[in-house]
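Okay, handing you the structure first.
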C-alpha cells in the first residue's frame, strides 16, 4: 500500500520534487547515435537542430569493448553540445548487465542537468522501475539536480507485457513505454520476417467457395502486434504517459 | 472485501431486492430520440411497437439549453406512452456534469416504474458504478419501486477499458457495457475516419517480393477495435451481462 | 485502476480542487448537539468559543419524527451562528437510511461553505466513500463552493474494520476514521459492560501455583479493542488522515 | 475472477444447490468421540440428547493403526444412532495425509445425508478449501444428496491466519473457523504453558517508581491470542460464518 | 498469500517433489484416440513411433455409455503398449462431470507412472487447478509415484480467458494451456464457420472512394482469435509453460 | 506478476544464485558497535567469540561527520578481524539518506564475502526491498561473490507495518524483520515512557463496584505492541524468515 499522497514525494533527501504531470514535447524524430564514434559525434551539431530527440545509445549495437567509451562519449556530448530545443535522451544497458549501475551513476552525476529521459531496456515488472526510481533520487540529490529525470521503459518480454499497467504506474518518473519487438518476438517464440513486422503465414483464409470447394481461397494477412500495442496504449493513457511503438512503421501513426 | 452474500443485498432500507440474473430481452433495434423534440415525440406511438428498445437521450446531441426540457419530455413520455412489450431506456448525462444528479433523481422518482435500463456515459471505474448503485437504491426506496433499475455502462476512455472486469462486476444492476467509440478514440489519440470505424493507414503490408523488391506490396487493413471488443465481451460474459458495441456496423453481428 | 494523478482531480465540473493534505486542526473537544432542540441551540453562542468542534447530530439520538427538524435546525445554526475559530461538523444519517440523500443535499447546498467535516455512520467499504465522494462533488459544483468538504468515516461492523485500509484511501476527502463501538460490538457479538469499554470476563488467568494448585489464581483484564484500534491507527497514519476513537476514555490519550 | 453469481452455483452436475446463508444452530456443547472405541460408542445414545454437536474424530488422538476402524465406526454411528436435534460433525485427517481422500469419499457416500459439518485441520489458504469444495460436490452428486455439506476450517499455522479473510470467503460451504492453538503456537514458536493458554512471561511491567527505582514493579500478564482471535472474528462475521475458539476457556464467552 | 518457497512443496506426504521447470519435449503431432475402440487400439503399436504424443481421450466424442470402457481401455494401453520416446497424455472428463474423479483416481493409481500430462477441459479459474493439484498429490502418494504428473488446461469459457494468468500460475504442475474453440465461441456467442476458424462477416471495409462513393468497397477479413491467443501466449511464457492452440491451422506456426 | 520460478533467479548476470531457504543461525546476542571508534574496535577480537552476531552500525548514533569514518572502519574490521563462527552484520543508513548508496557500494565490493546480513532502516514497502535486491545483485556480480547477501528490514512507520506481508515476501534475500520502536511510536503518535515499552495510561479499568461505585477501581496495564508484533511474527513465519523484536525486553522470549 502506498498512498497517492506518498506517490509524489521525493525518494531521497534533497532530490527534486517528482513531476505531477509529464511534459508533452514533440518526439517525431528520435536520432540514435553511438557516442563512442567520433565521426558521428562530430556531425551532431548539424543534426541536433533537425531532430526532436537526440538519443545516446549505450546498449545494443555498442560492442562490449566500447561500453565505457560510449558512456564517456555521451558525457562529453552532454557537456559540450548545445541542444537548443532538442531533448537529450539515453538508452542505458539492461538492469542485469555489468554496465547499468555505472551508466546511471556516471550520467546522472556528470550530465544529469542535461538529460531529459532515460530509456531502460528489458523492463519486466514494477520492481525494475522501483530500483531505478530510488537510485535516480539518490543520485539526483548527490548531483544537486533541480528537475527529476524521466524514465522510458522498453518491454521485451511476455512478462513485461503482462505487467504493463503496473509498470506504467510504478513511478511519477514514467514518461513513456515502447516495445523491443525483436526481443519480444523471440521471448514469445513469434516468427516475424522484419523487426516489429508481421509474418506472411499469419493470415486468415476465406471460407471455401461452396460451388467450387477446390478453388484457391483468398488470404488476409493479420497484425501480430495488435493486442500488445492496444493494451500498451491504454496502460499509458490511463497513467498520463506516452506510448511509443518501436520501429512499427506501418501502423505508427494510426494506433497511437 | 465484500462477501458474495452481501453483493445481493439492497443498498437502502425499502429498496427492491437486487436481481440475481439479468433478464435477457431482445435489443436488436434501439431507437434513440430527443425527448424535448415534440415532433419526434408525437411519432413515438407508431415507432414503439416496431422497436425493441425506446431510448430517451439526455446526453450528447441535446443542447445544454434543452437539458431540462429533454428530462421533462422523457418523464411525459414515460407517463403517457404505452410501451407494450418495448423496453424504455435512457442515456443520462455524465457523472461529472451539472445534470446527472437531477436526471437520476427526477427519472427514478417520476417514472422509475417505467424505466428498464439507465445508460451511463464516460464510466471509468467501479467507483462510478458504486455511486449510481447506492443513489438508485435510495431513490428506489423513496419512490417505493418494486423492481430494481439496471445500469448500462458506456466506456469512453482508456481507463474505462483497463477497468472493464471491475466495472462489469461492480453491481448486480449491471445489465451491459458498450463503447463510446468517438470519445474513446479521442482519449487514446487513435485516428479513425468514421465513428467506431477503422483507418486506411492501419494496414499490414506484405513482405517484398524477393524477385522484384520494388514491386508494390499488397496491404491488408486491420481492425483497430479488436482488442477492446474482445476483452469487453469476455468481461461481460463472465459476469452474466450483455456486451453491446456502439455503432460498429461491420463487425456487430460477429464478435458478440 | 486509478492513477495517483487522477486521485486528485475533481469529480464534477466546477467542483473545488481536492485537498492534497488534510489540515491538522485541534479536535480535543467535540460538542454534539441535537439541532432541533431550540433550548440547546440557544446556548450554542456561549459554547462555540469553548470547544474545538461543534457537531450537529442528525443520526442516532434524533427521533425519526425529528429528522427534518434537526436538518433544518442545523441549516439555521450554520447560517446564523458565528463559529469563530471553531469547526462545524455534522453526523448525517446512514447511507441506507431514508434521510441521508436529503441530509447531504440540503446541508451542502445551504451551508456547504460553513461545514468542515461530514461524519458518515456505518461505513463498510470503499464503495460507500465513492458514493459520497461523487455526490459531494456534484453538490459542491451546484453550490459553487470553493473548498471541498471532508469526510469522517465511522466503522460499526466487522466488514468496515476488514476494509480499513481501503476506506482510509478511498478519497482525498478522507479526514479521519473512528469507531461506533456499541454497534461494532453488537455486529461482532462481543459482550461489553460499557460502550467502548471492556468486559470483566475478558481476562488472562495466571498459571496454577505448583505448590498450591487450588489456590485462587490472579486474573488480568484485557483490552477488547486493541487490535481494532491499532490497525485503525496504522491505516489512518499511512494515508495522512486522523484516527479518532469514539468514547474510549481510558486509552484515548495513549494509543493515538 | 469469479462473479458472485457463479459463487452460488453447484460445482458438479447433480450436486445440491449451495447454501446462500449458513444455518445458525446451537453449538455450545461439542462432544468429540473416537469412533473406533466401542465402549464410547455404546454410550452415545445417552450422550446425544445432552449435547448440541456430536463430533466423530478421525484425526489427532486416533492412532495411525486405527484410522480405518475409526472411519468405519463413524459410518456405523451415522447409520444406526438417532441424532434427534443434535448435529453430527466429523474432523477428518489433514489434506496432506494418506487418509483424507478416503475419509471424505467414504463419509460422503455412506452417511453424507447424516453429516452436517466437516472440520478440516491445518487449512492454510483458499486453495485448500477449493479442493474440498469441488471434491464434496462430486461426491454429493454421486451420493444423490439433497443438501450440501458444510466446511469448518481449523487454522494451525501463521499462513492460515494470514489468509483468514480468503479462507472465510473461499466457498459458500464455509460454516465456521477455529484455531488449533497447540499447532499454531508451535508453528509460530510461541511459548505457552497450556494449550490455547498464555505464558507467565508475557507481561507488561509498570514503570519504575521514581522515588524508589529499585522497588519491585507490578506486572500485568497479557493475552497472547488477542490479535489472532479478533481478526478471526471479523473475517467470519464479514462472511456470515461462525468463529469458534478452540479450547480458550477464559475468554470464550467474551470475544465472540 | 503463498510464499514462492511453499509453491514448490509437495501437497501430500509421500508425493513426489514438484517440478521447478517444465521439460520441453516435442509435441508437433498429438494423436487422439478413443481407448474403448479395440480396432483403433490395435493400431497403436504402429502409430506410437510416428507421433510425439499419444492422447487417450475420455471426454467429448466418447459416448456416456462408453466412459468406463474408455477409461479401462486407456489403463490397458498404458500397461501393455511400449511408448518408447513418445509421451502418453490423456484428456479426462470435466471437473463437474460424473466421471472426472474416477478418471483421475483410476489413471493415477493404475498407470500414473506411464502418464506424462493430463488435459483438463473447461478450466475456468485457479480454484479448478487447485482441486486437481491436491488430488493428484494424494493419489501420487498412494501410488508411490516418483515423478509428478503435469496438467494441461483447456479454456472453453470467457471466464477461463479472463483468468488466464491466474490459471497459468496456479501450480508447478502446469505444463501448458490451450483453447477449446468450439465451446469458447459458444460461451461468447461468437459466430464461426469452422471450429477455431473465422467468420466471413468479421471484416474491415475500406473507406468509400471519394470520387465514386457508390463503388464497391474492398473488405479485409479479420482474425477473431487474435486477442485470446496473444494473451494466452504471454500468460504461458511468463510462467514457463507451453501455449497450444487447439485446431488453428492457419496461424499455428506463427503466433506461438 | 512474477512467477515463483522467476523469484529464485539472480537479478544480475554473474550474481550468485538466490537462497531457497534462509539459514537458521543463533542470534541471541547481537553486539552493535560504532566502527569509527578505534577504542571499541580494539576490543572486538575479545568480544567476537562471545557473541552470535557482530553488527557494525552506520546509522543512528553515528554522527553525520563520522559517516565515512564509520564505513571505512567497518571495512577494516571485515578485512582484519577473524569472525570465527560469529556472523557479521551491518546496519546501513536509510534509503533516502545521502550515505546509503555509498554504504552498500563500498561494503559489498570491499567486504561482501565477509558480511552475512544487511539491516535496512525505515523500510516502508516492497519497493524499498526491490531497490536493494537489484542493487546488491549488481554489486555482488561486480565483486564476484559466491553467496548472496541477506536483508533484514527494520519497520519504523505505520506504512511499513501495513505492508508487512509484502515486505516479507519481496525477495529471497529477506532474512528477517524487526521494529524500530522509537520511530514507529513517533510516526503513530503513540506515547511510550521507554523505547519499545508501554505507557502507564494504557490500562483497562475494572467495572465499578455496584455496592460502592465510588471505590477506586483496579487498573490493568496493556501491551501497546501486541498487534504489531503478532502480525509481524505471522508475516515472517509464512515467508520462512525470522521475526526480531527490537529492544522489547519484557516480551522478547515469549511472542516470537
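Labels A, B, C, D, E and F are assigned to the chains in the order they are written; within every chain, residues are numbered from 1.
Simple rule for what comes next: contacts are C-beta pairs under 8 Å (C-beta built on N, C-alpha and C of every residue); 3 or more make two chains touch, one makes a residue touch a chain.
Keep in mind that this is a model prediction, so the values were computed, not measured.
A.B. asks: Which chains sit in contact with both members of the pair subunit D and subunit E?
C.D. replies: Per touch definition, common to subunit D and subunit E: B, F.
A.B. asks: Where does the A-F interface recur among A-C, C-D or D-E, taking recurrence as more than half of the contact pairs being identical by residue number?
C.D. replies: D-E
A.B. asks: Considering subunit A as a copy of subunit C, what rotation angle in degrees (nearest 5) results from a C-alpha superposition of the former onto the latter?
C.D. replies: Rotation angle between the two copies comes out at 180 degrees.
A.B. asks: Among the chains here, which has the CA centroid at the largest distance from subunit C's centroid?
C.D. replies: If we average the C-alpha coordinates per chain, E ends up farthest from subunit C.
A.B. asks: Return the distance between the CA-based centres of subunit B and subunit C, expressed in whole Å.
C.D. replies: Roughly 36 Å, centre to centre.
A.B. asks: Mind checking the centre-to-centre distance between subunit E and subunit F? Centres are C-alpha means, answer in whole Å.
C.D. replies: Subunit E and subunit F have C-alpha centres separated by 47 Å.
A.B. asks: Among all residues of subunit D, which ones touch two or more of the remaining chains?
C.D. replies: If we look for residues of subunit D contacting two or more partner chains, we find 1, 3, 159, 162, 165, 220, 222-223, 226-227, 238.
A.B. asks: All pairs of touching chains?
C.D. replies: A-B, A-C, A-E, A-F, B-C, B-D, B-E, C-D, C-F, D-E, D-F, E-F
A.B. asks: Using the touch definition up top, name the residues of subunit D that touch subunit E in the complex.
C.D. replies: The touching residues are 1-3, 6, 10-14, 95-98, 100-101, 125-128, 130-131, 133-135, 137-139, 141-142, 159, 162-163.
A.B. asks: Applying the document's contact rule, which stretches of subunit E touch subunit A when the two form their complex?
C.D. replies: 165, 193-194, 197-198, 200, 220-223, 226-227, 230-231, 233-238, 250-251, 253-256
A.B. asks: Help me check something: in the complex, which residues belonging to subunit D touch subunit B?
C.D. replies: Touching subunit B: residues 1, 3-5, 7-8, 20-21, 165, 169, 172, 238-240 of subunit D.
A.B. asks: What part of subunit A is in contact with subunit E in the complex they form?
C.D. replies: Those in contact with subunit E are residues 157-159, 161-162, 187-191, 199, 201-207, 218, 220, 222-224, 226-228.
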